[in-house]
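Okay, so here's the structure we're looking at.
Note that the chains take the letters A, B and C in the order they are written out, and that residue 1 is the start of every chain.
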Amino acid sequence: MEPIIQLDGVGFRYELPREGKSDWSLRGIRLTVHRGEHLAVMGPNGSGKSTLAKLLNGLLIPSEGCIVVDGLDTRDGKTLPAVRRKVGMVFQNPDNQIVGTTVKDDVAFGMENAGIPRKEMLERIREVLDRVGLNGLEASSPHHLSGGQKQRLAIAGVLAMRPEVVVFDEATSMLDPAGRKEVLQAMEELHRTGTTVIHITHSVREAFCAERVLILENGKIQWQGSPRELFLQSEEVCRWSLEVPLAVELKNRLRERGLPVRQDIVGTEELVETIWTLLSRN
Amino acid sequence: MSRLANPILGQYVPGTSVLHRLDPRSKLVFVFLFMMAVFLANNVLSYMLLVLVTATAVFLSEIPLPLIFRGLKPVLYLIGLTAFLHLWMTRGGDVLWQWGPVSIHENGIVQAGWTSLRFFILVLMGTMLTLTTSPIELTDGLERLLSPLTRLGVPAHELALMMSIALRFIPTLWEETEKIMKAQRARGADFESGGLYRRAKSYIPVLIPLFISAFRRAEELALAMEARGYRGGEGRTRIRELRYRMADGILLAVLLLLVGCLLWLRN
Amino acid sequence: MDIVIQKLTHVYMEGTPFEQRALTGVDLRIPSGSFAAIIGATGSGKSTLIQHIAGLLKPSRGWLRIGNIEIGPDTRDSSRLRGKVGVVFQYPEHQLFEETVAKDIAFGPLNLGLSALEANRRVERAMEWVGLPRELASRSPFHLSGGQMRRAAVAGVLAMEPDILVLDEPTAGLDPVGRRQLLDRIAWLRRKRAMTVILVSHSMEEAARYADRLYILHRGRKVMEGLPADLFTMGDRLAKWGLEEPEAVRLVRCLNERLNPPLPESLLTVEDLEEAIVARWEEGKSP
């Protein structure tokens, strides 16, 4: 698999004007993100998740180590515009990332910054609004959109830049269930069409859609593996205060009560199968 | 659901009339010069000409009269008040009515009439601009008109961007204000009773959270803009396109003709 | 204090082109002391409904009665509800404004006209209820962690010691542990103070775990009211109203497709499930 982003010994801490340097928000991060991968990043508040996200497209520059995005080092100021075109970001608060007074204006914002000719902008706007399902709303004012629509608008603005990677920084956490579903679907579509997706989230259910899960705690990578492997370590999961899916929690509870349930069950279907066998046998 | 967002968003009435389709730059220039030209008028004929031009604009805008006048209501009171003052304060000509030290002179009536009319024409033309041009178009027009001044250090692009971001966030912040007011009212805050001082003070629990949230929004927005590659006005292209059309040329011709006539009619 | 609502209709900006109907002929009754959950998709009218209960909106038509206070379209003064109904709005930490946590929590009690001494007592009590350490009282609320800010804001409402507590998405944005802690506290306090609690939530799991009565709104109408165990097992009808079943209900349904005799459908939480399965298993083990 071809790497798209490589972090080598990355550490970050804020330089405060008066107090000097703060504590490390991240330290010793070594990570390779592969092209086309769907990666979920989880961890408690203050674990450094958001810092990591901002490092990936040069909004923050590592205090030590280096980050290379598709061959470009983010420490090099000249390549920053290119890095930001390659790595798009969708933020948490839907309201605070929309700049334009209409849907069309907002999708165009990034392209205007990049100096893309108007004719091409119009084509791309049509294409990306179609992809996120907002066509017909070009002239709408953003504040008339639902939360899910606002986030899809933000995704459209990112897609218009033809990015290699899209980072979702807790982009679903302020949405209602319907809006969440909309954004997850858009995310899924991106992954299917070959874009690398990095999803920073609190929700285990959402992380379950990823191919690889990364857990940060106190600025360090504590664990990585497949979602399935993650729930085999249920004590750890509790320690990181992550939400456990019902099937996993039930399995653990039943095992504690002494029922012969296998440890490696994570999905609802497997558990239903097991319980059924257990209860019908006698 | 922001119930009060509308009046605040300016008075723009969407439409497709000739006036709506004019380039905002030509509308801005026209209204600006028209307002100066109004002061050239000093006789019945020239005022009639101004009224005619204004009435044509109102007609061409295809906006129903009641809608126009609803927006003008506060201004009409103001015009009434100035007329009233002129009526009593202006001396000269025959005395038409007297009661003790108070009197109405002939010139008072003439002055009151002309001033009100002039005032009215000015405001109506200004309103026609804001009724037929969306705030964002106005911003665009201003930016382009000011852009030659960039070399003199006028930050035309930044000003326009600031204005359009303000326009974008007014409804959001308004909604937020309503929300915070409700929350504080549920905690027993009272915004309606008491004297001016007490009432002003009662807004502190609304203003502080509002400012904090506005700053947070500003910070996040700045970050989002940076992430989307914003680096100032240099090298940017525009999705919004302004193009002069035939109608803009006609507007300019009308303006020149009007100024010419006013100068000719002046005595 | 029972809450009785009769034919409540609310129209925003009635008589203008921006008219918007938020509630239509809602009839409902929330008995005193219940833990009620109002659920419905976005735009179903939940928020409009609770603002009526809080006395922040007046009905366009119909009326509501809280205890012995009746509010209809012509009611002038709804401030009589103040202090009786407390509301925790979404993201309540956005309403913090005072210099210290204690002062912020005292804002409500002082508005009720209580003495500084009594207000102080209530601040201490409320901080204890939400589990905020006493030494935070003199801190600036803006220097607290996210979870602490949320608790301070909730304390600000609880300090008014309302008979009815309305919570609008109180756990939005909290992590799973914080969510559980906050609602556990509220449930405990409700029993202790015999409060009525009205929870508005998008999370069916929360409604299933805490509520003893459920009210479903859909497009401004109340479409169903009843016990969680009855309402959450309606399957397809829930989906029609834009709602999902709690995970436990889904699991039981999968299991019951094959299990004979089936498990009772009314298992709504993981604890319920655990008990039922263990009981059945032991039953089978020792016939």
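The criterion applied here is as follows: contacts are C-beta pairs under 8 Å (C-beta built on N, C-alpha and C of every residue); 3 or more make two chains touch, one makes a residue touch a chain.
Note that the coordinates shown come from a computational prediction; the quantities given were computed from them, not determined experimentally.
Q: Taking the touch definition from the header, please name the shape of the chain graph: line, ring, star, complete or other.
A: complete
Q: Counting only C-alpha atoms to place each centre, which chain is farthest from chain A?
A: Max centre-to-centre separation from chain A belongs to B.
Q: Which pair, A-B or B-C, has more C-beta contacts?
A: Comparing A-B with B-C, the pair joined by more C-beta contacts is A-B.
Q: Measuring centre to centre with CA averages, how many angstrom lie between chain A and chain C?
A: Computed from C-alpha means, the inter-chain centre distance equals 31 Å.
Q: Any idea how many Å lie between the Cα centroids of chain B and chain C?
A: Each chain reduced to its C-alpha mean, chain B and chain C end up 45 Å apart.
Q: Can you list the chain C residues touching chain A in their complex?
A: 41-42, 145-147, 172-173, 175-177, 202, 242, 244, 247-248, 250-251, 254-255, 258-260, 270-271, 273-274, 277-278, 280-281, 284-285, 287
Q: For a test of understanding, state which residues of chain A touch chain C in their complex under the given definition.
A: Contact set of chain A toward chain C: 44-45, 146-147, 173-174, 176-179, 202, 241-243, 245-247, 249-250, 253-254, 257, 259, 268-269, 271-272, 275-276, 278-282.
Q: Across the complex, what residues on chain A touch chain B?
A: Its residues touching chain B are 54, 57, 59, 81, 84-85, 88-89, 91, 93, 95-102, 104-105, 108-118, 121-122, 125, 141-143, 157-158, 161.
Q: If we count contacts the way the header does, which residues on chain C are in touch with chain B in the complex?
A: Going by the criterion above, the answer is residues 12-13, 18, 20, 22, 51, 54, 56, 79, 82-83, 85-87, 89, 92, 94-97, 107-108, 111-112, 142, 156-157, 160.
Q: Which residues of chain B touch chain A in their complex?
A: Contacts found on chain B: 2, 5, 135-136, 164-165, 167-168, 171-172, 175, 216-217, 220-221, 223-231, 235-241.
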